[in-house]
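Each of the next two complexes has subunit A plus one other chain: subunit B in the first, subunit C in the second.
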Partner chain A sequence: MSSKKKVLLKVIILGDSGVGKTSLMNQFVNKKFSNQYKATIGADFLTKEVIVDDRIVTMQIWDTAGQERFQSLGVAFYRGADCCVLVFDVTAPNTFKSLESWKDEFLIQASPRDPENFPFVILGNKVDLENRAVSAKRAQQWCQSKNDIPYFETSAKEAVNVELAFQTIARNVLAQETDAELYNEFPDQLKLTANDNGRNRDGDNCAC
Partner chain B sequence: MSSSSVEEITDQSNDLFTQDGVLLKACSGRPVNELNSIGMLCIVQNSDGTKSIEWRPSDIITVCAVQEQDWALVNAIGRRQRTFSGNLTADYATARARIIRMPLNELKIFRVTNRNQQMSFSNKVGVWQSTFFFQHGNAEVFIAYLKSHVKTAKSSRDRNTYLVVEPTDETRALNRSFTELDIFQENTTDVVWNIVSNLKERPYETTMEAFSKLSSIGLDYNSGSQLLYYGNEASSKRDVSEEVADLLTKSMVAAEEAHSVTKSDEYEVISMKPTLPPRPSIPRSTPLSQEKWEGLQDTLGRVTEMDGVKQLIFRGGVAHSIRKQVWKYLLDYYPWHMTHAELKALQKKRTDEYYCMKLQWRSMTEGQESRFTEYRDRKSLVEKDVNRTDRTHPFFAGDNNPNLETLQDILMTYVMYNFDLGYVQGMSDILAPLLLLMGNEVDTFWCFVGFMERIASNFDMDQAGMKHQLLQLQQLVMFASPELAQHLALKDSGNMYFCFRWLLVWFKREFSLIDIMRLWEVLWTGLPCANFHLLICVAILEAEKEVLISGDYGFTEILKHVNELSMRIEVNKVLSSAEGIYHQIISAPHLTDQIRIILGLTPLGTSAPTEDDDAPEATGTNCKDNDAAANVSTSGTDMEEAVLEYDGIEISIVTQTVWALLA
Partner chain C sequence: MAAALANDSPKYRNSLICCSPRTIEADSITPSSSSTSGCVSADESYDSSLPRAIVNKKLKIHGSASREEVERAIIQCKELVLSSAQCSDERKWLVRYLVELRWRLEDLKENNGESRQRVSIKGHHFIKQTTISSRKQYCDHCSGVIWSIVQASYVCTDCGYLCHCKCIDHVCRVCAHVVMTEKGEFEMSICPEKGLAAQDYKCAECETTLTFKDLWNEPRLCDYTGLYFCGTCHWNDMYAIPARVVHNWDWEKRYISRIAYQMLTLSWTRPYIDVEQINSKLFNFITELQWVHKMRTDLQWMRRYLCACTEGTTLLSPLFVQLGDVNNKYSMAHLQAINDGSLESNLTELTEICRAHITKCELCSGKGYICEICSNNEVIYPFDNGAIMCEKCNSVYHRSCWLRKGQNCLKCIRLEERKKSKTDDDEIDSNVEYDIDKFVD
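Let's turn to the complex of A and B:
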């Protein structure tokens, strides 16, 4: 009897403009690719149910605008995130160089409880194109240097590794959160239950 | 009334009763510029169980909401050190300091004047410490509630003045006996206020139920000698039963007027929400036709009736056949007063200018480009966006479509025209309908410049313009649709971020290309007020209010729902409701200066304008248009006013000429 409760995973996709954030989300959720996605303005999300080790997991995938100046507004959507997917375009080295600042910016704005161990995943997208400019090795090295962030080479257009990447995201997040309650990643989301966490927080308040 | 320090005002206080639309008329010890500001008069329960009368300026309520806006955290420093855009924090502190509070146990005397619309309070006889004016309705319900918490006696000299007296042993005894009766679980006043709230839901049943309960108590405890509803004037004591009777009478008024009743932990909080007058239903008119347009130009081609033309366009838009021409005027490319010959010269000059700027970037060599990162980044961003702008429309569809190149050229030339702003996502959306209509690269560019002139602040690096507009929108929703505003606030959506896309590209993503043309040309007239585009937002949201509230939509559902409205909004319907909402707002008796300022109207008070002074101007050109519109009614001897009336509300001022054309 599978009596395990449903889980909602909130995943934020970040990366420079035009790296394929919307396309990856749509390929994963709707199994479709289009050349005609408009630039994302504001934010949107799609949800998809996946099954991970007998558990039904609803993935809520958030897509935001890529241009830097819109990020100050994106923070409203980062709250409660369980995982952050950083995307770059393997044909555009600049988008690879931006990964670092996207990661930092996310950690600053979302303020997760345990930034050191917050789950990130890196996707090098557009591997179907021929004019590749960032090698897999270079990307892998960078990911290893950042506390071994999982790295996938994807093509939203040809559905390469997209399913696998998101499945892995779900699996990793669940694995990391088996001990702790989901959503405890963020202080704001903490439910006021009489567990140890709750008591500690009360204690913390006095020190403020 | 003592002005308490910020520390005293703890967040643990609990509103027992609130009334909106209360103007601070006088307060000893407060600077003049704080007077005449609008706010909320409340009775609050403090954390220690004592109660106070509290007046809060309206802007604090707004500012509080702003404090909760996540996206206001612009400067990505530490979570707690981040500053807010502008001086909101300072405003907040200032607003907090303006709260006026008086503990109920210090209240000695109060007075009701001006047909029950004005109340003064003091903690000593002989000098009034604060005076409030109830803009909406009167103070009766407030007084009734106040009387339920303090024991009063009417002054023998002035029947409008009440002295607060200590509770007598007699009334304490009576209170106790009510409690012992155990019909009412709580104390009597709370029960009565429960009845009041129920009255709203089930007026008849509630009244009968309450009457029967109360009568039986009355009979039992007063042995039938004193009927509850006819308090014995001769009796020296004004006992609880009389209070109850009083309250019940008032409750009839309350039931009619109370619009929102929310439960707090212990008490029913009854909010007096001022209502807007009914919304006039304003029909849309037919578009400005070629015939009329030609008739409005003199022999040399000058358009002399600019205001009238704008009125016509506001009412019905522009016929597609003349859009190409009329938009050049609306977007300030062609000045209205120029003759054909002058326009021809202007066009030549602008063409030269355009190609000069275009040459600046076209002549850049590859080598130069490779050493000019900022330029290269912009170029690549433009390229990316052009390739995904309205590609489903035949005009932009297909590979190697030359119109895409034109989009790219115009946007790159705009980068040279305004390098500080450069290219920001959303601009290609703004440009596409202009090119589709104009066809001509140069004309399109200058019309684009005119449009950008109005909305440049949308693309600020720090997004201050967008934030300012979202805040203004929030204030408008709070005024025009308080229930919805309350729901949004409860659902963490008070920052109105879900309207971001609407505002950034002026609803471009929400309508088809043909509909967006209609909406934009109406908005460009700057009529009937500044920031009419915000009222469009209010109109769309108002139409979705039921869904959002009854479905108990949360943060994500609200965003999803709003995003999915795209291509499902009827442009004429929404224009008509937005205009109706405009008339509702401006004819509301409790119209505040805050709202007046947003809509470009002259504020009445002396203190109000300061808060918006430092704020960036969201739609810079609207004020100018607004003045022009106002002039129609006052200037020119040959111009006569024609006022259209719907449901008793004046909706438009049209000159004689235009009126004739309209007919």
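Let's turn to the complex of A and C:
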């Protein structure tokens, strides 16, 4: 299990401006939080070493500016990304709605080999605030509909779930890599979930 | 430095002797926030792919810059980003430059100031070449020979740009991979030449002054971009031009610049060309193309069968996946294969194998159709020549039966009737009778 090989994971954090991307990164890497809002310029990154299943993994976490749309960072920036973290603010429904477009545009720019199974993680940030507008259920449902993306409710301020979320990211990416080696001869997996049973069973819908 | 570069120019470029170093004074062109305001329109995309390198001239850091210098450049670059207009081209390149600076800083930290292993400039991802090449290599920047035994060199992992170590900080070509991926299509007007004046009598890439009077630095026209280049940026490479192929089916190779050469080589197999949209007349003109185009719709149907069958998925070869795609675009490689006839034979073979599998396999053939009109037991498939599919309800009939029945779909009629009978109870009886009268012998 324990491989000595040094692993570098390139993680990119995306989301609308003001959802707390920089704060999340700072909380995870430096264990610090500041209430002061300061817009990120362009992109910045921090690195942190984590240990996943006896392996030392260096996470290079790229924090992006929410204002910059994708064109400015460009393909060269996204190339070689191992994981994409999409962040939204649970008190601002608009930031949740734009997740879809962030995801799509990431896939266009990064053009990963296997876009269907590219590891994404969704973080609903600012759960410490009172005026919540996006329910956990709604976010969870959306994530499930998108090929079961892991979803975490975080608070960069109170350091809720931040550590766990990034640990999961590292773990998932590593798992993805071993998965790819094992299963790449079966490209189209069909996932049958319990929800699909019993639907379309009514005689009325039968097309014959 | 220019003199040193000039001496070892590649053999096959007979007319080039000298290339001038591109060190235009930093202050002569200062980035100002008002110069590029507003969003970049799609029409200007070519300009954006080859930007005027305002950024690097102001912020340029030399090859052996220390950590402090890079850090200072980062701060400076940040300020420039803030002062530039949102969505502007200038900002885009400033942001990218900022990212590159950060990469560089990280590399410096890791290697403690030793020579750089990885370099990111203008979208390139350079790595140091360690193996000694047996083939003679030329530097894409100065066009001099790279003596790989004694000279270190960098190669871009994305586009293959190759250059000397000493040239790395002067690279002026944006990575062809970035340009092509962002553009997502080929230039589709035939040699869109504007003339030297439009380029200010300068090379479109390195901005060396060009004039027909100077034999040593003659302007060379790139047939793909329609721009003029100097000998250093245009090595008289020959390539078939996508625009000429799609419009004229003209496969003659023409002279193109280095950037165009790299872009075309990289994108040769990428499906970028929508022939139907760009020049639909080509289908009538080239029968092979028309035939291939028809086969592609068949492949799309076969794909649905094969995807759901464990044995069938093994038949999904790369060629199948590419051509069975719904977007119906072609790559230059496909068109070339159509031109020399190899795609036609490959495709015939491929469809035969797939057809054989689907008709034999229990799982696949179970999803075949039986013509409801003639009710004979022959199983038909949507990709059969003699079959036709209803666009509304996807049921399949023999083409001849369909024509005989006046091009009406039985299932659609039935569905319609049922809908009516639900809303209006009175009409049920008459409709059912009518139905039976007509369709049951």
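Here, the second predicted complex is superposed on the first by the 167 of 208 C-alpha atoms of A that agree within 3 Å, B and C clash if a C-alpha of one lies under 4 Å from a C-alpha of the other, contacts with A are read in each partner's own complex, and residues count from 1 in each chain.
In this section, a contact is a pair of C-beta atoms (placed from the backbone, for glycine too) under 8 Å apart; a residue touches a chain by one contact, two chains touch by 3 or more.
From a predicted model like this one, the values you see are computed outputs, not experimental measurements.
Using the contact criterion defined above for the overlaid structures, shared-chain residue A:L73 touches subunit B and also reaches subunit C. In the superposition on chain A, A:L164 makes contact with neither subunit B nor subunit C.
Within the superposed three-chain model, A:A136 lies out of touch with both subunit B and subunit C [touch as defined at top]. Once chain A of one complex is fitted onto chain A of the other, the partner contacts of A:I56 are absent, as it touches neither subunit B nor subunit C.
In the overlay built on the shared chain, the residue A:S17 is in contact with subunit B alone; subunit C does not reach it. In the superposed model, A:A43 makes contact with both subunit B and subunit C. In the superposition on chain A, no contact is made by A:A175 with either subunit B or subunit C. Where the contact sets of subunit A with subunit B and with subunit C meet, they give residues 41-45, 60, 65, 67, 69, 72-76, 79, 111.
Subunit A contributes residues 17-18, 35-39, 41-45, 60, 65-67, 69-70, 72-76, 79, 94, 105, 108-109, 111 to its touches with subunit B in the complex.
Across the complex, subunit C meets subunit A through its residues 40, 77-78, 81-82, 86-87, 91-92, 94-96, 98-99, 102, 106, 120, 123-125, 158, 175, 177-178, 181-182, 307, 313, 316, 393, 411, 415. Interface residues of subunit A facing subunit C in the complex, by the touch rule stated above, are 41-45, 47, 60, 65, 67-69, 71-77, 79-80, 111, 186-188, 207-208. Contact residues of subunit B toward subunit A in the complex are 69-71, 73-74, 76-77, 79, 377, 381, 384-385, 388-392, 424-426, 428-429, 459-463, 466-467, 495, 497-498, 500-501, 504-505, 509, 556, 559-560, 563.
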